Amino acid sequence: MSKTLADVRYELALASRILANEGVLDAFGHVSLRHPADPGRYLLPRSRSPQLVEPSDILEYTLDSEPVGRSTDKLFAERVIHGCIYEARPDVMAVCHHHAAAVLPFCIASMQLVPVFHLGAAVGETIPFWDQRDEFGDTNLLVVKPEEGRSLARALSSHAAVLMTHHGATVVGKDVRELVSRAIYMCQNAQYQLAAHLLGKVAPLSSGETRQAGSINSMPNVIGRTWEYWTMRLDDAGRLPPHGASTSDRARLRTKATPARGRRTRR
Amino acid sequence: MSKTLADVRYELALASRILANEGVLDAFGHVSLRHPADPGRYLLPRSRSPQLVEPSDILEYTLDSEPVGRSTDKLFAERVIHGCIYEARPDVMAVCHHHAAAVLPFCIASMQLVPVFHLGAAVGETIPFWDQRDEFGDTNLLVVKPEEGRSLARALSSHAAVLMTHHGATVVGKDVRELVSRAIYMCQNAQYQLAAHLLGKVAPLSSGETRQAGSINSMPNVIGRTWEYWTMRLDDAGRLPPHGASTSDRARLRTKATPARGRRTRR
Amino acid sequence: MSKTLADVRYELALASRILANEGVLDAFGHVSLRHPADPGRYLLPRSRSPQLVEPSDILEYTLDSEPVGRSTDKLFAERVIHGCIYEARPDVMAVCHHHAAAVLPFCIASMQLVPVFHLGAAVGETIPFWDQRDEFGDTNLLVVKPEEGRSLARALSSHAAVLMTHHGATVVGKDVRELVSRAIYMCQNAQYQLAAHLLGKVAPLSSGETRQAGSINSMPNVIGRTWEYWTMRLDDAGRLPPHGASTSDRARLRTKATPARGRRTRR
Amino acid sequence: MSKTLADVRYELALASRILANEGVLDAFGHVSLRHPADPGRYLLPRSRSPQLVEPSDILEYTLDSEPVGRSTDKLFAERVIHGCIYEARPDVMAVCHHHAAAVLPFCIASMQLVPVFHLGAAVGETIPFWDQRDEFGDTNLLVVKPEEGRSLARALSSHAAVLMTHHGATVVGKDVRELVSRAIYMCQNAQYQLAAHLLGKVAPLSSGETRQAGSINSMPNVIGRTWEYWTMRLDDAGRLPPHGASTSDRARLRTKATPARGRRTRR
């Protein structure tokens, strides 16, 4: 049985809040999903901090990043990032743009981010750089024009992520759970690479290891475990999304995220 | 409709607590606002840690930093920082003095802080240094005499912030929300610059990028989003200011800060 | 009076959650205990994040890492780590495999971890490295085949821990409390060693100091204090394991972990 | 009116918990006070983690570190640190021994800790080192023999603190509040010095600045503010000590620590 649109909206709000709770997103950054029934559209919240996103905040866009149905909501200035990547990459079903503290130093020092541990292999062997200045000169660094979004998508090419000089990163996935895992472990990878750089010489995984370990995060065994863990942590923070979907939908979606039975009611 | 004085007091207590909750202020540091009706006066709490400030703690001062109406409260020793800057800078409506962990290393190593990402551009292209020792010799480093405050204001000049050697920083804004954003992103900028320095060579934004990106934090779209986010985090910490203003005032002021509907009552 | 199996299951769930709460384990990693009545078997949870493990999640395995009694649960892919070490090391009663942030940089830069403070001496004078690639070429870095587990056990040899290149660490103990202490202080030792490396030259403990200080963590005085402390912190996080054991068992087991009498009911 | 012994016990439990809550103490470390009525005795808790200490845990010792009245409690192995310092330093009224993460790197790399910001001046211009190995050869690094305690006290000499190689630090004060401030700001100073070292060249305060700024933490204005702040943070963590003193005593002691009126009951 395929997911209803209400399921997908709930899952997007959950992903948005998980990524904020794990330190990938903060006041800024956004996550989108390609529309489950129409590959020519995508779902993205109205302009709001990701830890506050509710299912009812989620709007529908065409791939040229125009809202479907006239909206009076404030929209993310950088939504072309999503539209242009869905346009260029039919395999991509989920996109996250962020300014995580873990990756910013790499975007400032222009240091290559390389896979340094098995879970970090999710980012692939190469993460390209994109410097808006190269093609557009001095800007305010926001990606707001369609040609800026298309330039970024070209730099991303067939990779899993792209680093944006002086700005942040954009990560893609074949579904929302792969995206969330990849974004989180890319940040951990960056932290470990920086610390290893301070200790001595950074030795990356080999090409073969990167290819083989790159799919660990997609193993059903692993996906179930990480999703339960991140949902538990979000629940502990009192930040699960409100119920925009019907009760039965939610019960089904949250099967894997039941809090431990021994969980205390206070914290 | 202009804000009432009660609104402004509430907003100052909120700003003070947000800056403490985000790690800019701790046991020390203080925020002030120019009096909304009288440019020759300013509002500053009595001597108290910023995360505890209540609207009723807020006193009124003349620009020579004398309290208006005889006060039996303990006052901040360093209030001349505020008075002297309001005197010297008619464009400044809000001032924050702090010892944030993120900037102290720059104040100790005398390393120039430069904008390294788009949101960090809020601090401008140059942040001057001020070393109290240069003009006043050995002191306890507190800025307590009018001539010390005036010297600091001269060093600040027309900039957005000044680093104080072995001491901390003072940041200014054209309103309370610009000040809060600038102080928070200046700290993030410092953290990223230090980490990038460890990774390799720090490349700052160009002058044109700094000028253009410097106003992102003032975009209405962005101000609304960040203010809601920081207020949500303060609320999660159980630290919203008590109600010094009337109920209707508060309802109006907090419109943008309504907690997510799905918010759990426990945490 | 020897512990019942229910006691041991509860203690394993508690250890698992303490190690997660102290930052040794996260979404991944696992702890096992040798079966208290049958040295040819061991106890390990079903595949689940360690902070969520309940006594009822704990399964029994033979030393060739086959579950005892057919199980429909998802199992940890890397359970051979446990079986092969219990096989090779009759003195080992408890095993923890983890990817702690503190040790990963050493696994990436291949920097020797050495005891640098008295509590860190619990890891012993030498921690060997094991690189799966040396014997097995390109893999996904997971230790899933019996021959991989046996190779790791050979590298561990008679030591207290082994660092796994690009992957993490495996730590052993003569009982669950020694294991928990050792795993936690090994991580602290790694953090201090990295920071000391940044400050200047790292001077390790002498051999004699390492030998003598290595048993501090096993002093009854110390074990009681640390166990009470970590349990208090887990309780503060609302994460004590649910009651899988009978009430009287639990009362007995938690004697040392009574929350402070003045503890507030909210947090 | 002088404090009752019950007041002093409560204040010691509070100090112990504040230092744990601020990251100076953890599972280990201890704080003591000289007996308010008898300079030949001191007060120190039974062996327990500092965040759990209650007024009723506090025992009385002679200066040769023997408990007054036969005790069945477990005692701190390192209590001679306290007795020997009270013996050697009549001016000292409070002692803290700790292994804080911030100072350990200096104890490992033997890097001189120097005052680098105004509040850090509380530690004075020079902090001596003591390496137990110099006089006693290989030990387990615990300070348990009277001659070890006396050797440490000689190294401390007339200073405010001493760094213990591969072990931690011991800090003294002329009263409990000076001690708490000094221990906390010594740790902040260490963190800033390490970060400044990474950025460039560390410039310490001048001798004159250190002398003048060294008393900021003792200004009544400042003591009131910091004590209220740390108590508020401890209260937020749900960790205020239980009521061992009478109600009126407590009301008097906590005057400065009333939680903000707007404080929410949940957190």
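Observations on the model:
Order of writing sets the chain letters: A, B, C and D. Residues in each chain are counted from 1.
Please note the rule applied: contacts are C-beta pairs under 8 Å (C-beta built on N, C-alpha and C of every residue); 3 or more make two chains touch, one makes a residue touch a chain.
Values in this document were obtained by computation on a predicted structure and should not be read as measured data.
The chains touching subunit B as well as subunit D do not exist; no chain touches both. Counting only chains that touch, the fewest steps needed to get from subunit B to subunit C is 2. When every chain is reduced to the mean of its CA atoms, the largest separation from subunit B belongs to C.
A straight line joining the Cα centres of subunit A and subunit C is 32 Å long.
Centres computed as Cα averages put subunit A at a distance of 45 Å from subunit D. Multi-chain contact residues of subunit A, defined as those touching 2 or more other chains: 197-198, 266-267. Under the contact rule stated at the top, the pairs of chains that touch are A-B, A-C, B-D, C-D. Against subunit B, in their complex, subunit D makes its touches with residues 116-119, 188, 191-193, 195-203, 205-209, 211-213, 215-216, 219, 221, 224-226, 228-230, 232, 236, 260-264, 266-267. Of all residues in subunit B, only 26-28, 47-49, 51-52, 54, 74, 77, 99, 101, 104-111, 133, 137-142, 165-168, 194, 197-198, 237-243, 265-267 touch subunit D in the complex they form.
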